[in-house]
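Each remark here refers to the structure printed beneath this line.
Letters A, B, C, D, E and F mark the chains in the order given here, with residues in each chain numbered from 1 onward.
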C-alpha cells in the first residue's frame, strides 16, 4: 500500500531567531521534526506514498505534528493516539556562528511515544503491499517498549517482504555507546541498508575511518570511509551501506558528500559546498533521497540523488526538506547559482 | 534579612502571538512565570527585599528563569541547582476572544522542582531576620517531596516569627479536590493570611458564595464572598482572608475587585474595569500587592493597593507585574485614562 | 467515498499585521482561503471525510494551497493542476477599527481556477459513494467555464444521490446583481439547502427582511429573516434555508446568530457575542458546521452547531476554523470565559 | 504656491509593540511624527499642496523624517539642514489598556530644530502665492529662537495674506502654564483660527467648561464647550474656534466629537465611537481635516470633515492619517462597519 | 526640467523572510521595485532631479508604489492613473543559499502598466529641458502598447535632445530570444548608451564572450567582455557600452565588476567582493550610478562610480539603493570594513 | 566586597533588524550596552562578584538598564539615580555587509551620566574589600565632571589596594586625539593594566605597529604589536599591556587574536576565525575575559581565556557576552563545530 513506512518520534523544535542564545531569547520559532518523520516527508515530497508510525498525545501539539506530516502528503494511518494529558518531546535548537557551534538541548523524556508498545500499530495493515521500511537508532533508545516495537516492526517488514533501512543516529543523551551497541547489534540482521555518518559507526560499533580529523572534522577522507562501509557490510551482512561525509571548516559553510558500498562496489559522489541555513535534518534528507533513488533507480542514482537532495536541505529552515524532484535534478546536472527568474 | 520569601515552581510560558491557536502557531513568545515567583517579583518591584526559593536545572533555561528573577531584584539565594539533564516545566498559553476562552496546556511533569526535598533549602539562613513567607497550593501539589518542603518551610517560617500567607491556587491537573483538601487542611493551621478566589474555596474546601453566577462568573457578588471569607477564617483560624472577584462578561473586558475579612471586619474596594492584555498572574499580583500593603500599612491599605496593582497587571504582557508604586497610587487616587505626557 | 465534496477557488490572503493600512504596510501575513475550501476544511476538522475540487497552478503557491488543505485532512484528489506559468488569486485584507471598516482588495482575475472546464474533474469518481456536495455563488461567477463546471458538478451530484448545499456568497466585484440572478436562478432547482446572509438574498433575488437596519446592520431582526427564508424556500423549493445574522455595533464587537427554515418550521438559536479577531470565513464556517450538524444530526442540531462553531471562528486568525468538536459542544452547553487550565 | 504651510518639530516615535511596557521591551516600532508635520501630511493626502518647515540634522534620521514627509507629497522646501552631529528628538510611546493609560516619555531636548532661528527659513518664498499657515503651541515652547521664528512666520504669513491657524497643544514638559500663557498671548492677535482641546484652554488661558468631568473626562459636554469657544473668540478676536471633545470611558474605546464657534454661531457634529488603535495624532488630524474643509468649503463642512477624518485616524498606527477623501466622505454619509469587498 | 526620466513597470516584491522557501512561508516582506524605478530612485538619491513614468491602478497598492518613489524624491508627474479595479504586478522572491539559487516567481500578467498606450504620457512636458532618458528591455516586452510607448518615448527623447540609455534586461518569462531580438533591434538606433550583463547580450543578440564559464558564471573574464562591448557598439552604433560582470562562487558571496567601451576605448575597474544581503536591483543600481557619473563626470568616472555604488547595493534589503554619494566616494577611495563610529 | 568594579556609561543600542539601513528601518532591536557595563556583565557571568557604577535617569529606560545589569548578577549598588526628566544616551547601530561597513550613529549628548560628579559614588564602600577596578577612555571623555570622577575612582582604587585596568577605547565623536592624549596621560600612572586595540594606541599616543595594513586592517601582524605593547609599558610603566588584533577581510568574517606584554615577556595566542553576528562588545568581552583570567590565574591564562571568550562574543547578538566558563574552556581546548547535542 505504501512505498515507504517509517517509525519514530517527532518533537517540537523550538529555536531562538537571529542567532540569539537560548538563555537570551524571548521568542521561539516552532517547527516539528524527527528523524523518521523527516524521511517520510522527504519521500512523500518526492512522489512516493509514505506513512509515518508513531504515538502522539491527543491535544493541540499532537495534532500540530500530525497536521505537518499531512501537509506534505504523509499518511497519518500509522499514528497511535495517547491521552490528552501526555506530552510531546521538545528540543531547543540554538544556531551558532564560528567559533560557537550550534547546540541542541533535549527535553524529550516521558513523551507520548515512549509508551508505544508492541501491538499498538497494525503493521500487517501498514505493510500489506508496501515496499520499504525505515527507522533509526533513536527509536529503540527511547524506551524499552519502543525497542520492542522497533524489533516488532522490522520483523513484520521482513515477513511482508519489505526492504529495511536503518540509520544509526546515535544520541548520547539517550543511551551509552555500549548499550547502543548491545541493543542494536541483534537488530542489524534484519537490516538491508545501513545509513550512517562518519561519527556514529565509530561510537556505536567501534569501526572508524583512517585519516581525516576525527575530532573536529574540518576535513574528511572519502576513501577511508569506503573501508568503514565495507567493514560494516562484512560484519553485519548489509547489502548496502551509505555514509554521509561532512566537513565543517566553519559553522556557516560546510562541504558535504556521501559514499556507498554495495555488493563489493565503492561509489562516491561530488563534494558539495553548502551555505548553512539549517543543517538539522541534513542526514535524514540524505536517507530520504537515497531511499527514493533506490526505489526508483539504483544505488548509484540513490547516492547522487541523496547527496544533492540533502545538500539543498542545508539551505532550508526546519527539519523538513521542502524540495522538489526537479530542483534536485537541476543541482545534479550542475545548475548555477544565478537568480532563477 | 528579607521582607518576603516565597517558595514554588517557575515555568516557561510559551504563547502564540496575535491570538493564534496553539495548533496553528509556528512562533512562541517565551516568558518565565510561576505563582510564587510572580509574588516575589511584585514585592521586589515595590521596594521590598524579596527572595524566591525553588529548584532549577543547570542549563540555559534554568539560568533564564534565574536571570528574570534577578532582573527585578529578586534574590537568587533560595535557588537550589539540579543537574544539566533535568527540565523546566512549560505551559502553553493560548489567548482567546469571546466566545473562545483563553486556554492553558501544561507540560510541567517531572520538572526539576519536583525533586526538591526537605533539607535542600537552608530556611534558617533565608528566614533569619525576615518578615513574611508566601507560598501557594501549587507547591504541595507538585510532588510528595514538594509537599514536605512546603510544610518544612512553613514550620521554619513560624519558628523564625514570620507571618505566613497562602494562596489556594487550585490546579485541577495536579490533583483532585479531595486530595487537595486532605493535603492542605493540615497546613492551614500554619497560615495567617489566606488569599484565594471565588472559585477555589468552593472546589477545595466546599465553601461557596450564595448568589452570583458560580458557573460562568459573568457577575459576582461581593457581599456573599464576605461570608465565604468569614467562614474560612472561622474554620481555619486565619487572621485575614482576602478574595479576588472577577466578572468576565467577555474575554477582553473584565471587572475586577477584591474583598477582605480581618478580625471580624469586612472590607471591600471599588470594582475596576480592566481591558485584558494578559490576565495570567492577575491573582498573584493581587497577592504581591496585598502583602506589600500589609507590610507597609494595614489590611485596608493592602486590599486597596492589591486591587489597584492587580487591575493594572491585566494590561501587561507576561506573568510579571511591571508596575511602579507611583502608578498604583495614581490609579488608587482616580487617575484618568488620557495619554500621560 | 467522501462525506462532503466542495468546489471553488482558493486564494492567498495577504493581510498587513497590527491594523496597518494596506497603503502603509511593508509586511504581510499570508494565509490561503476560499469559501468552499474553508467549508471542506471545517468538515474535515469535525471528522467528516472531505474533498475539495479546484484548479491550481503547478508552482510553489499552488502547492502551498494544496498543502494547507491536506494539513487539515482534506483530500487533494479533486485538484486539477494547471501549468507553472499560471497564477493563484490574491486578496489583500485590511483589518479595521471603528469607524473604519475592514476592507478587502481583490486581485483574483485570471487565476488558474478560471480555466477549469467541464470534463476536468472526474465527478463520477469523487461522488461515488459520497454524501454531500457544496459550492457557493462565487464559483459560477469566476468565468463562463467555471459556471459550466458548477452546473456539471451539481448535476453529477444529483445523479449520484448527494444532497446539495449552496451559499449565495454574492461578490459585487465579480458580477452585477442582475447577472448573478440570471445565472443562478437555473441552478437553484438543483439545490436542497440554501445558506445565505441577510444581505445577499436582497441583492441577488430581491428578497429582503422587514425591520432592522438594512444599511448598516447595527441591529438585525431574526423573525423577519424567518420570512425571508420561507420566501426563498417557497420560490425555489429548497428543503432547507439557513441565514446567518450579524449585528455590528462596532468593528471589534459583533453579535452573531442564525435562523433556519425547514419544511414549514422556523428555527432560531441564541445570539452570541463575538470579539472579532478575524471575521473572514465566518459565514463559511457556519456552512461547514451546519452541514456537519445535518449529516450527523438534524437541522436543529445543525443550526445550533453551525452557530456556535462560526461564533468561535471569529476569534481565530485566518479563513480556516481551527476548532474541535469538543470546543463547539462546550460553547453550546454554556461554557464560561475563564481561562481553561 | 502652497495651499498650506506648517512649521514645527518632527520626532521619531519609538513604541514597544503588543502593549509591552517601555521598561520591558526589546523592540521598538519607529515612526516619525510631530503635530505640524502631521497636519501637513493630512493636507497633502487630501489633495492640497502642502509644505512643512523645520530644521533637521544631516544624517540618516533626519533624512528618514524628510523622506516620510515626501512619501505623502509634502514639499521638503521648508526644511533647513543642520549638521551631521545634531540630533532628532525621540519620544517613547507606551500603549495602555484600562486602567493603565497610554504614556509618552519625551527625549526631545537639544534637537536640531531648537536651533532654528529667524532668517533660516525663506518665508517670502514659501508664502508667495500661498493660502494658509498653521503651527501649534509646541513650536514656541521648543526654544527662545523657535519662539522668535514662530512670530516671524506668523507675521510673514499675515503680510502675504495667508490665514493663520494655531493649535494650543500645551506640553507640560516644555513649559509651565504661566509661561505658556505669557508667551502665547501676544501671538494670538496674529491667529485667525484657534484649534484646541477641552484640556488645554483651561490650563493655558484659564478658560474652562462647566459640567462634565474635567479630571478624568469620562464624559464631556458639548454645549458648555461652545461657551469656552465663544469666550476664546471674544477675548482674542479669533474668527473661528474649534474644540475637539474626547470621552474616554476606557483606553481602547473613546467617543470623539468637535464643536466650532464662528462669527457668533455655534456648530456641533455627531459624536463618533472610536476603537483605539493609535490615538496619537488624533487632534492633529482634526486640524488637518478642518483646514482642508475650510479651504475647500466652509466652517460647517470643515467641522464635519475634520471630525470624521480624525475619528478614522484613531484606527491607524502612527501619527499620520493614512486616509483618503473618499473614505472620509463615506464615514460622513453613514457607511456601515461591514467588511468592504 | 529633469536630469533623468525613466519609463517602466514597478511591482510589489513579496519575499519570505529568513530564507524560508516560498511554499513554506506565512509571512512576506513587501517592497516595491522595478528596473526603471530603481534607476530613477538611484539618480534622485544621488542628487539628480528624476522622474519615473508608468501607469498604476488607483488603489492602495498603486499609491504605495507612488509613495515609495516620492519618498526618495522621484517626481510622480510621469505617472498615469488607471482604474481602481486594475492590478499591480507582483513578484515573489525566494532567497537561497548554496547550492540553492535564489528564485523569482513572477505574477505580473495584466498589470495596469500593460495598458499604457501612446499618448498617455505627456513626453513633451516631461522632456522639456531634461537631459537623459532611460528604459530597459522589460518595458517593450510587457505588451504591444508598451512597446509602442517605448518607441514613442525614445523618439521624443531624441527630439528633445536627451541622451538615451537602455538596459537589455532580458526576461525569459516575457518573450522568447528571437522576439526580443526582432523587437529591440529597431530600437537600438535610438540608443546612445547600452548597459547590459554578460548573459543578456548572448541570449538576445547572440554576441557572447570567449572564456569564462558561461553556464554557471563561477568566474568571468573582463577582457573578453570588452570584445563583447566593442561588437555591440560596432553593430548598433552605441557611443558607449557598459557591461556588469558577476562571479558567483556561492550564493552569499559574489565578486562584482563592470567594464565599458567608449569611442574605441576599453575601461575596466576593480573587482569588488560583495556579501549578498539582496542582489536584486544590483544591475539597476549600476545603471543609476553609471548615468549619474556620466552626467556629472565622464565614462570613466561613471564606470567607477557605478561599480562601487552597485557593489554597496548588494548589502541592502529591497530593490532600491539606499546609499549616499559620500558612501560611494568612501568605497571608491578604499575605505576599510571596520565599524564606523 | 567585589571582585571587579567598573565605571562608565550605558546606552540603549537601537539597531535595525535584517541588515536594513538606518534611513530605511521602521523597527529597532533595543539592547542596553556600554563598554564598562559590558565588562561588569562578563565578569559576573564568569562567576566574579561585580559591580557597575554609573548615573541613570529615574524612569523606565534607566530602570531597563539597571534591570539588564542585574539580570546577569551585576550589583546595582554603584548606580546613582538622576531625575525623571533626564535622558539615557542612545546609539543607532547599522549592520553592514561587504563592502558596506557597519556603522554607529551616536546620540549620547547630555545623558544623565554626564552629570555624575565627584562625591556622588561612595567609592570607599564599593572598594572596601574589593580586588579590581576597570574603566575605559570613554568615561573621562563624557564630561569634565566625568573626567574628575574617573580620576577620583582610580585614586580611591589605588588607596584601597585594587589593581586597575584601563581600556583606551578612543571615541572620535567625543574628543580629538590631542585632547584625549592630554587628558589621559596623567591618568596612566594610576593604571596597572592597559587593554587596547591596534588602532587606538596609534591615534591617542602616536604609538603604532610596523607592517600590516594600518588603514583597512585586512591583515595585522602580531609581532609588531608586541613592540607596541612594550613601548606602552615602557612609557607609562604598566605591569601588563594587552592588545586585541582584528583582521577584517570581510564584514561577516574576521580573524581575531590578542597579544600581551607582561614584565618583559611577550605572549601570543592563536588566531581565531569568527563569523560575525555582532561584533560590538568584542573588545569589552576581551577585557572581561582577560580580567577574569588574571584574577583566577595569570596573564597567560588571561590572554588565552580573553581571546577565546571574545571570539565567541562575536557570534552573540547584543553588547553582552552571554557565554559560560565551560563554553570558553571548550573552545580553548579545541572543540569542533559540529552541532552539540
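Basically, contacts are C-beta pairs under 8 Å (C-beta built on N, C-alpha and C of every residue); 3 or more make two chains touch, one makes a residue touch a chain.
In this text the structure is predicted, and so the values were computed from the model without any measurement.
The fewest steps needed to get from chain A to chain D, moving only between touching chains, is 2. Using the contact threshold fixed earlier, the set of chains in contact with both chain D and chain F is B, E. Two copies of one chain, chain A and chain E, touch each other, and the residues they use overlap weakly: the shared fraction of interface numbers falls below half.
With centres defined as mean CA coordinates, chain F is found 61 Å away from chain C. Note on chain placement: the centre of chain B and the centre of chain F lie 41 Å apart, centres being C-alpha means. Centres computed as Cα averages put chain A at a distance of 44 Å from chain F.
Each of the following residues of chain C touches two or more other chains: 21, 23-24, 26, 67, 173. All chain pairs in contact, by the document's touch criterion: A-B, A-C, A-E, A-F, B-C, B-D, B-F, C-D, C-E, D-E, D-F, E-F. The touching residues of chain F, counted against chain D in their complex, run 14, 21-31, 59-61, 63-64, 67, 85, 87, 90, 92, 94, 105, 107, 109-110, 173. Across the interface of their complex, chain E is touched by residues 18-21, 23-24, 96-104, 106, 171-173, 199, 215-218, 246, 248-252, 279-280 of chain F. Residue ranges of chain D in contact with chain C, taken from their complex: 17, 272-277, 308, 311-312, 314-318, 322, 327, 331, 334-341. Residues of chain A that touch chain C in their complex: 67-68, 70-73, 76.
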